[in-house]
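Chain IDs A, B, C and D follow the sequence of writing; residue 1 opens each chain.
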Amino acid sequence: MEKCEVAILGATGTVGQKFIVLLHNHPFFEVKEVVASDRSADRLYSEACRWKQSIPMPKSVANLRVKDTSDTLESSILFSGLDSSVAGSAEEAYANAGHIVISNSMNHRMDRHVPLVIPEINPDHLELIYRQQYKGAIVTNPNCSTIFATMAIAPLQKEFGVEALVVTTLQAISGAGYPGVPSLDILGNVIPYIGGEEEKIETEPLKILGVLKDDHIEPASIKISAQCNRVPIYDGHTETLSVKLKRKARLEDIRRALDNFYGLPQELQLPSAPEKPILVLDDQDRPQPARDVWLQKGMATLVGRLRECPVLDYRMVILGHNTVRGAAGAAILNAETMVRKGYLKNGNRVPKESNHFGSHRVFKSAILAKN
Amino acid sequence: MEKCEVAILGATGTVGQKFIVLLHNHPFFEVKEVVASDRSADRLYSEACRWKQSIPMPKSVANLRVKDTSDTLESSILFSGLDSSVAGSAEEAYANAGHIVISNSMNHRMDRHVPLVIPEINPDHLELIYRQQYKGAIVTNPNCSTIFATMAIAPLQKEFGVEALVVTTLQAISGAGYPGVPSLDILGNVIPYIGGEEEKIETEPLKILGVLKDDHIEPASIKISAQCNRVPIYDGHTETLSVKLKRKARLEDIRRALDNFYGLPQELQLPSAPEKPILVLDDQDRPQPARDVWLQKGMATLVGRLRECPVLDYRMVILGHNTVRGAAGAAILNAETMVRKGYLKNGNRVPKESNHFGSHRVFKSAILAKN
Amino acid sequence: MEKCEVAILGATGTVGQKFIVLLHNHPFFEVKEVVASDRSADRLYSEACRWKQSIPMPKSVANLRVKDTSDTLESSILFSGLDSSVAGSAEEAYANAGHIVISNSMNHRMDRHVPLVIPEINPDHLELIYRQQYKGAIVTNPNCSTIFATMAIAPLQKEFGVEALVVTTLQAISGAGYPGVPSLDILGNVIPYIGGEEEKIETEPLKILGVLKDDHIEPASIKISAQCNRVPIYDGHTETLSVKLKRKARLEDIRRALDNFYGLPQELQLPSAPEKPILVLDDQDRPQPARDVWLQKGMATLVGRLRECPVLDYRMVILGHNTVRGAAGAAILNAETMVRKGYLKNGNRVPKESNHFGSHRVFKSAILAKN
Amino acid sequence: MEKCEVAILGATGTVGQKFIVLLHNHPFFEVKEVVASDRSADRLYSEACRWKQSIPMPKSVANLRVKDTSDTLESSILFSGLDSSVAGSAEEAYANAGHIVISNSMNHRMDRHVPLVIPEINPDHLELIYRQQYKGAIVTNPNCSTIFATMAIAPLQKEFGVEALVVTTLQAISGAGYPGVPSLDILGNVIPYIGGEEEKIETEPLKILGVLKDDHIEPASIKISAQCNRVPIYDGHTETLSVKLKRKARLEDIRRALDNFYGLPQELQLPSAPEKPILVLDDQDRPQPARDVWLQKGMATLVGRLRECPVLDYRMVILGHNTVRGAAGAAILNAETMVRKGYLKNGNRVPKESNHFGSHRVFKSAILAKN
């Protein structure tokens, strides 16, 4: 298979850099264009970027000349790590111009026709792209804390129904980008507030776990309460969950549902797919960000301390790598899914009628088949 | 008033050291004896102790010779910071010998006749000491996470009734004593487990908020779920709370109940009493351990982010100084209460019949008077 | 004595806030004006400032309206925590307008007629203000790492002569102001570079330890090598020193010289003066920033691990509070010295001829008298 | 080549665990025996060991039964991560019994007949094993701070001669083993003292850079001053160096000498050898432990900020991975060298006369050939 050339939007930022790291030697995609703000435009990427990754900057990217958002792009697929202050209109403009925008930005996540996708859970929502008025399309992945909480309750929602969820997060500093959180604010401290974060965790899962109805998603009906904290951790969001189910379930059923869960990325053995989307750990003091965050290449949701809750029904501690599965890796897995399910051919959107693999029906069966 | 001479049990440990710091120049008490394990016995305190406090060791204590638990003590009042591995039998032996043991240890907290006291909430429980078979008495204060959660729900329990509480804690390393948590385990990490902690938070508040019935406490009926985490913070336990009330209440009523709350220590203007036991902060990103933990000399419970909860009724973030109000300071406030309420005279237990101030009835009226 | 009303330049920044904390209830000075950038101008200080101090903002300051640098100021004495990007011309303008600018900024430190003062060491350099062409004057204190290294070698320079100094610093994040160092750069990391810092440490001590010759300072002749590192510490700069002396000295002489050192602030018992400017600690693992930085109100230079050096002559580890003695506190001690030595009267510069206390000769004698 | 079966001494400790991680899938060696203290003996390794590594425990090792030091071992080669409290006599006993002990412990490093080896620098010192009275042999690698400082000055010593070295270290907590440094001592703190560390840095390089004379090493004549600090960093020792040379050299000569340096492990392309033993970085704020410590698999010495020193001649900042190149990895590279140079055959010591490759002469030529 010939590699599909892609562009990175917001390429000098934290998410953009992570795209470049994760797409290095990727079997499907090759980074050919990097886009950043005016300030960086026309400079070499190696000069424009304050590289903050732990592996050296790939040479092929280092020598790319940075484009700005007014430049015409040649790539069909654009991975967007644009800041939310500009992503809104920029992504629309690219989609109008025919590009497929695979976005990690928050701006269009809740748009009626934009799929908000975790491919293990709701790959069928990708059908929504045919309802978009854009010549191209916009596809989004959830917020870095949403994704792990949603992954953890998805198997429970499917088997037992979830009525309510109480979440407290302990979030890493890398979730705030660069320069992000000043060290004077977080060294030896907890900040019990992250702007906009709780709202995302309380709404995005409802769309992801919702049902595709023609041209929109009927949201799931789950009450969610989120309390978000920043802690002095580099990578890895820890979350404590208490879940109330609609139907009674025994602890072992819960454990089995989590442990057996898998989805389309595992079936298709996509390059970025974790072998298991959910890893249940039995040690009583795990998961821990400093020790476990890189399990399964940073693409799994780790679940520990699964036990009964005296107030709701069950509780657990979950952990995920916020800049891998929680951001760039999530977008890349979305793109891989779209390629392998026939939504994209040579990087272009395949017309609905000819997408035999991508039809709603096929997806549904694939998902049902798992159970 | 002549100062009462006291002893510190477990004097070389973290809690013991904090007792010494907080009792330095105390108007009621003067440290005259320090007790530690055999290993330290007979050495000067200054030599036996690896002092870890930020103020220099008081000279009057530095020159005391360390006694061991087999030595006879002269002090009537003993402040105990003994490790739970030895506190059980040691404190009983001291109480049998006629001493008043004001203990921060967990061992006797749930004993039928031992009061577990937060003097703003349940000073009347001190009457239980007259039911103890000891010649002296044991009085305890709660666990360092329990105390703040209990303080925060006490006003709600009184006014509206509390049905359920979901707590997640982010606890400081100083709560684990010395040497405590190895740096390799906690630097840049979260440990989502603290042995025995969740059980304490789920049971101790029920006794504290319970009702004194003759010779025991009828526990309050509240469902509590606690999930405890250790975070790389030096001092200050942060906790997120979601509370379900028995009776409906408006947000402003909740706020008022918290803000107006006070108790006996405030009425009596005890030396260690915070001016307000609960401080409600309005900044959206407070309380923060690194910034707020020393407000009111480390003796207050700080409440922030008070708002409605989509799952239960209300939620908030609370913070307290775990080694001050959460440990040594709590014990000292208990002792101050006992002195001023007539339970102790010249450091000795006052017989029930002659304790005109300490009677159940008087306490009740004092408490009711507050509302 | 009536208090002198003062202004704070750069009042919303980190140094400005520290000025406000340290001048709260000061016996000589009272903050009556706060000056900040245009952005903050005309707002209440409490609204314009993101207060980052651990004590609450003094109410008297909270209600001041922020002025900008184009406003005329009423205060004679201005404490400057201005950013170096604006301090240069702004401080000159104020001095030209007749104000006494007590500056912590680097811009004018090396100006020929501007004294760079540590009052324990070179208070006689204050005479330079009479050589300034300003109607008012500019007086500066050294960089936050310079001051501790200079304090530690000053007694050795005086008694034995210092030929060379090799310094490595481990500097706290609070030295970089706010927002300062991004947490992504420093959490669990060392940054072996601080822009401009090494140059300051290698040159400023030469002026401070230099000799006043009419209208300028003849610099001391000491070779200094500095290597500066940022470490994830909140407050407190640690420095390892190796010193080569001009004359032979025994270890006990070195220790005595350090331990006995004192200067004018101690003689005059100035409000901000540490009882001892240099504290020699004997514990082999001290000084430590988290434990010792607040000794003597954060105004002392702590010296530990004093011992022979196999390469140069002697070595030691020193520590000081970088935002207290290393910044705002240093400036305040300069101002206190000027008031008490008669340079300032009612906040105004006293003409040279009438300054009987401040004359070069008097200072010299005071300094000589110490030995 | 058939793999050589080896044992790990002190297998449950931090160094022991690192041996297991680094020997996983090693082309020369296979871990077949694990030895630990009595407490762990007879239990499965997976049960006896509190695994603290970031990769999962290799299954082949997990199922080994732990032996104690009184058990007879079958492996010829023993990698020792024994604690210094027991390593002294235990390693001697093993060597007497005919084993080749490749030790990371400090106990025998300075023994007259025990080679202290960095194979890029002094592989010829391995000849000393033929002077040992043991049936087997003991070979050691240097202390975790020594190795990087010695590596950095080795090229300068060879080309220009080194007269003096002033070092300050900023050492990671992982250097202290587990449980090691209590978090209460190091979180947000610097500890300016590490027991025994400075002495090692001041003496070990002299032996390593010394000359093999028949049955002993004539130590190099270099004055070294070390000041060691513990900082709150997980992995990676940073060191600032100032070097005085015997012969004049230009900055570019220094740089070239460092950059071009290589040795036997690079010539032989040993499995654990870094491609370049010394990496010179040009960015002014590098090397940084959190970003650079894993370069070259953690086996390189990183050099940055190379520049002139106003006091000595040149200075630089160096960094290395203290538990990889600074401990287990160093020992493994020693063993690889011995295998490939013919000191060991089937895990047994090859008699001196038949070791055609390992002879002193051959080594010398190999080393000379490099220049």
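Here is the rule we use: contacts are C-beta pairs under 8 Å (C-beta built on N, C-alpha and C of every residue); 3 or more make two chains touch, one makes a residue touch a chain.
This is a predicted model, so every value here is computed, not measured.
Trainee: Moving only between chains that touch, what is the shortest number of steps from chain A to chain C?
Mentor: Tracing touching chains, the least step count from chain A to chain C comes to 1.
Trainee: Shared numbers divided by all numbers used: is that above or below half for chain C and chain D, i.e. same or different?
Mentor: Same, since over half the interface numbering is common to both chains.
Trainee: Would you kindly tell me how far, in whole Å, the mean C-alpha position of chain B lies from that of chain A?
Mentor: Result: the chain centres lie 44 Å from each other.
Trainee: Counting only residues that touch at least 2 other chains, which ones in chain A make the list?
Mentor: Expected reply: 52, 187-188, 232, 234, 290-291.
Trainee: Can you tell me which positions in chain C touch chain D when the two form their complex?
Mentor: 164-166, 168, 170, 187-193, 202, 223-225, 227, 229, 231-234, 236, 238, 240, 242, 244, 284-291, 304-305, 309-312, 315, 317
Trainee: Help me check something: in the complex, which residues belonging to chain C touch chain B?
Mentor: 52, 54, 187-188, 234, 290-291, 294
Trainee: List the residues on chain D that touch chain B in their complex, please.
Mentor: Counting only chain D, the residues touching chain B are 14, 52, 173-174, 178-188, 232, 234.
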